[in-house]
């Protein structure tokens, strides 16, 4: 697989201020309706997640495969040990929350490597310590057991399924209170720009609604409201 | 549909101090076992919900129906734009949490109209902004996508199903940490009065239990305990 | 059933500082893979649970059985009324969260008796009051209805199923943010000692990872790392 | 537990010709709404099940309990070995279909003992052979694994939960294409008589509908239709 | 609601020979991805279903609403009593299979009225008798209880949700072994014609595959294969 | 990936007469508890499945990936076009039954190639035609939609998850009425031999049970019964 280029600082800065909901709207406008990683929640409220995907694939537990592939410097540990700064480790765990898919030592290693976050559709072990590790984590829930109760660590850096969508290495991953979304790298700049533009519009509408305006003709905007919006927007600093 | 009368101030005041659990007990004592909206949680801990139902019904997504009914001033927006003070918008979303069923602009509009709250058995978009909108909201969970990913906005002010029960326009809706319950308007006063009476009794029992009393003969009360309760209750200010 | 001996103060003290995750690892190392009570969460973050199991078994609602066994000083109330200091009431509710399986009066009674906690794979009524009752509680979620909406209280002090595992009276129950685990009484001392030993090792590894060490050869430890660990450990106070 | 009296030949004969749906109607008319064993299907179409319950309770797998209680002449084998003629073995398997809860040898033993049938809300191993064993069986589905993959055989002849209802030793068990229902022994005669009476009425209505009659006034019957029904019924042989 | 025109004999004849899979392909080619009624199976193998939808909507059980609307000539019975020849009764039961949503008398009445079939995403009571009633029925499964255990019959001839899609009165309903699909009336002719055309092509491809041809270039067809297909198709009688 | 050797005729012949249940028992005796493909059923009763796995992996639908990988001679069609005689195509569809994962043309192609069967934990399109195609198929259920409604065809001949277990290319796949099981190639001969030996023993026990013997001491066999069994077995032809 070709090397994945890190997110540039401009794109990252733009993503930091773009709501996942706004990105979802722009992706759907481009015909991409299946881009969210569902069934996960973040361990620490308020944390935002932005990075490029480094993928990790687990298989359902099979004892003989676990014996051959589960121990020592397995695919799981190798992935956490080699994650690059700005990457988000995204784990395929088939929504199986009956064991941890990472614990505190791995979370600390990811942070030490400069990783931007971790997303797993399986469980997290050492929930409190992982929450405190200083790296944003989204997961299906807590579980005290280690990986081998339900999974075989298999391979990294391949296309995976996670939370009901597909994730490729290098995809842009963004998370906030609404959930986690996947942006194909090639359209990320365009999508973010359009999302921020739309956010500006929605914020202006929200302000009008806060002042008591009716939704009728305002949301979506009629030509009259749009003219007023554009007049004000052109005067406002960006 | 006949106009729905708003809740009077006395009933509202009584409901504000009645636990949902106590209302549940009284409804069940009257043969009403299916009155809770299950599978929803409130966005902000501590907030209480009291109001009368304004209903909104969504259908499962079907692209041709969405094209005809999903855009512009659709049933969803019209309902949020016309909600009356003291009403709770209750949304039938079939427990489908894979898209938002409202977002921040609609929540702000409901608050601006004086609505008493929102209950949806689907998802909420703009979770953080909706949480901060100043109106109590109960939902199945967050999702960044807009309505049209899973739903067609259809009609308002009809009887709906929500969270496993049926809700009619004008039903009394009450929510706290235990969940959300539906009171038929016609028995609301009677149910609340009985619930408060029972609460007084239970609080007295709880105090005795806190003092170390056994449950035996106390919960439920034997004639001896009841006599003591009634003697004390008659001396206590209400 | 023979009287169940309470946990001694040393075992209890050790359990208070042992993570559930560490206990899970030791149980699995002994071939015990099915010892967690899954699908429950604690009402108050931060609270730890340690005690010996007092079990309580509910049956699915059947109206004739409820009429005969549900009222007065039933199996539920008798169990809460007779729980001994240091015991954890563990309730079989078949994962059915559509009614409470206890409420505030019962929680207060358990606390007054000196119980160490409550675990139910059903719902909790009076969520806020139970949270504030001063006793650790794990449950599937809140529900305002009383027991009889879904359950018949049946019997106490028998082996039960809860959250997907079996629990015997006298089993050791430990809970933290990762979940709740069951230790057979006979191996509890040995398991806890081994878990603490392993925790010491893992904490040392975590410290190295925090300093930037690679996982390779460290987790699990190579002979070289182990030698260093043991040298340092022998110098460290326990 | 007191000996359970077998079903008398008259009651059995009546049950053989009473649809489960008719029994359900009569039980619900008596306030018993939770009497069906749901989530099971019969292995052989056309077979009817009538007998009195002999119960068997499994616990969720826990390896140490299985080691102590799973082998040799365990509770499962002892129950199949001691089932009496006319009894139906009803198994609590918590709806867990990920292993068999009986296989062909046990089914053959039950038939050899004269058992009237088997109901399990878990899996069946040796599906084809059990289907051919000459005894009616209802189960959640097939699975090739033996019991110990998911269950610990625990005890017989106690009240259990099965398929969402409670079953007591000696309860009357009836199954047909609509499912399996539980009749408390003490009201079985009365319920069956009423059900057969109602069936006669429904059959007469069905005949009228077959002739083209409207449901209006017929189902349920108006006084006019009822008069006609009673006149004809009084002439018909029972 | 405007009267719904019956399906003409030509459209009906074409639908009788068009697989649901072929219709699904054509609907998806037109951007309609959510047109199947999922989670239902037919009672009698081999039966085909073709007709126009007459809808019936149930609400979740609420005892007070059932008391007011459940008895006598309720919405359920009125719908079955007034179904027109060629119509398919389609029932919204929210996927709740814990009670029947029709029984044998209603099925017989529908057949007597000339109805073309019944589809319910709830249960069927009197499974054997309904199977034998001479009318195609699709349902979620059998259950012996009558409607009122889980549902309130509410209204007919409105747009409903069923099996995860929306159904409008007059929609074309087609069912076979693959499931049930909904065709908007306005595009039914066009969709059927295109589906039959595609079927002809697929049958020709299947014949080539049966002769041993590779899928490469054949499925989908390369220009060379297509030329051969068209040459043969132009010689074949339709 | 190294070429996978076909099953030899002796192993195949032995597998043809070995029940899946017996194989399950032997695998579990060797510590392999997670080897069944659950949640699938066979399209035609009575058919047995024996072959070596050729794997095929689908991802969750993502429109941009489907556009790039879903059309023409994609991974799905290439796998069906290149399956070797005696192989079983095993498909990872994540248990998603909301679309077909193969249809009749693909099933015919697999049969024409001499494939031994198909197992998918997703849906099957053209259910009747696939049933009639002359090749054993196990699936989660029927669905009329083509693959792209829920899946992206991705790659073949890699290790996959299917029905809750992991499957490697070349694994031995066996299916009967009890379900589908996976045997690692390296232990297949040994497992089959032991399973057949155990079957012989169980058949002898079943015969004794049919004659009225008690399970006590017979199942499992006491030394006395075993002596008798071995004496008879040594006289019997194999």
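Just a few scattered comments:
Order as written gives the chain letters A, B, C, D, E and F; numbering starts at 1 within each chain.
The working rule: a residue touches a chain if its C-beta (ideal position, glycine included) is under 8 Å from a C-beta of that chain, and two chains touch if they have at least 3 such contacts.
Going by UniProt, the chains are A, B, C, D, E, F = Putative 4-hydroxy-4-methyl-2-oxoglutarate aldolase.
Quick caveat: nothing in here was measured; it's all calculated off a predicted structure.
Touching chain C and chain E together: B, D.
Because chain B and chain C share one sequence, their contact can be compared position by position; here under half of the interface residue numbers appear on both sides. Rounded to whole angstrom, the centroid-to-centroid distance between chain E and chain F, based on C-alpha atoms, equals 33 Å.
One finds 40 Å separating the Cα centroids of chain B and chain D.
Residue positions of chain F touching 2 or more other chains: 33. Contact between chains, using the touch rule, shows up for A-B, A-C, A-F, B-C, B-E, C-D, D-E, D-F, E-F.
Looking at the complex, you find that chain C touches chain A at residues 19-21, 23-25, 28, 33, 36, 38, 176-179, 181, 202, 205-206, 209-210, 212, 214-217, 219-220. Residues of chain C that touch chain B in their complex: 71-73, 77, 80-81, 98, 100, 103-106, 108-109, 112, 125-128, 142-146, 148-149. Per the touch definition, chain C reaches chain D in the complex via residues 31-35, 59-65, 94, 152, 154, 159-161, 164-166, 168, 182, 184.
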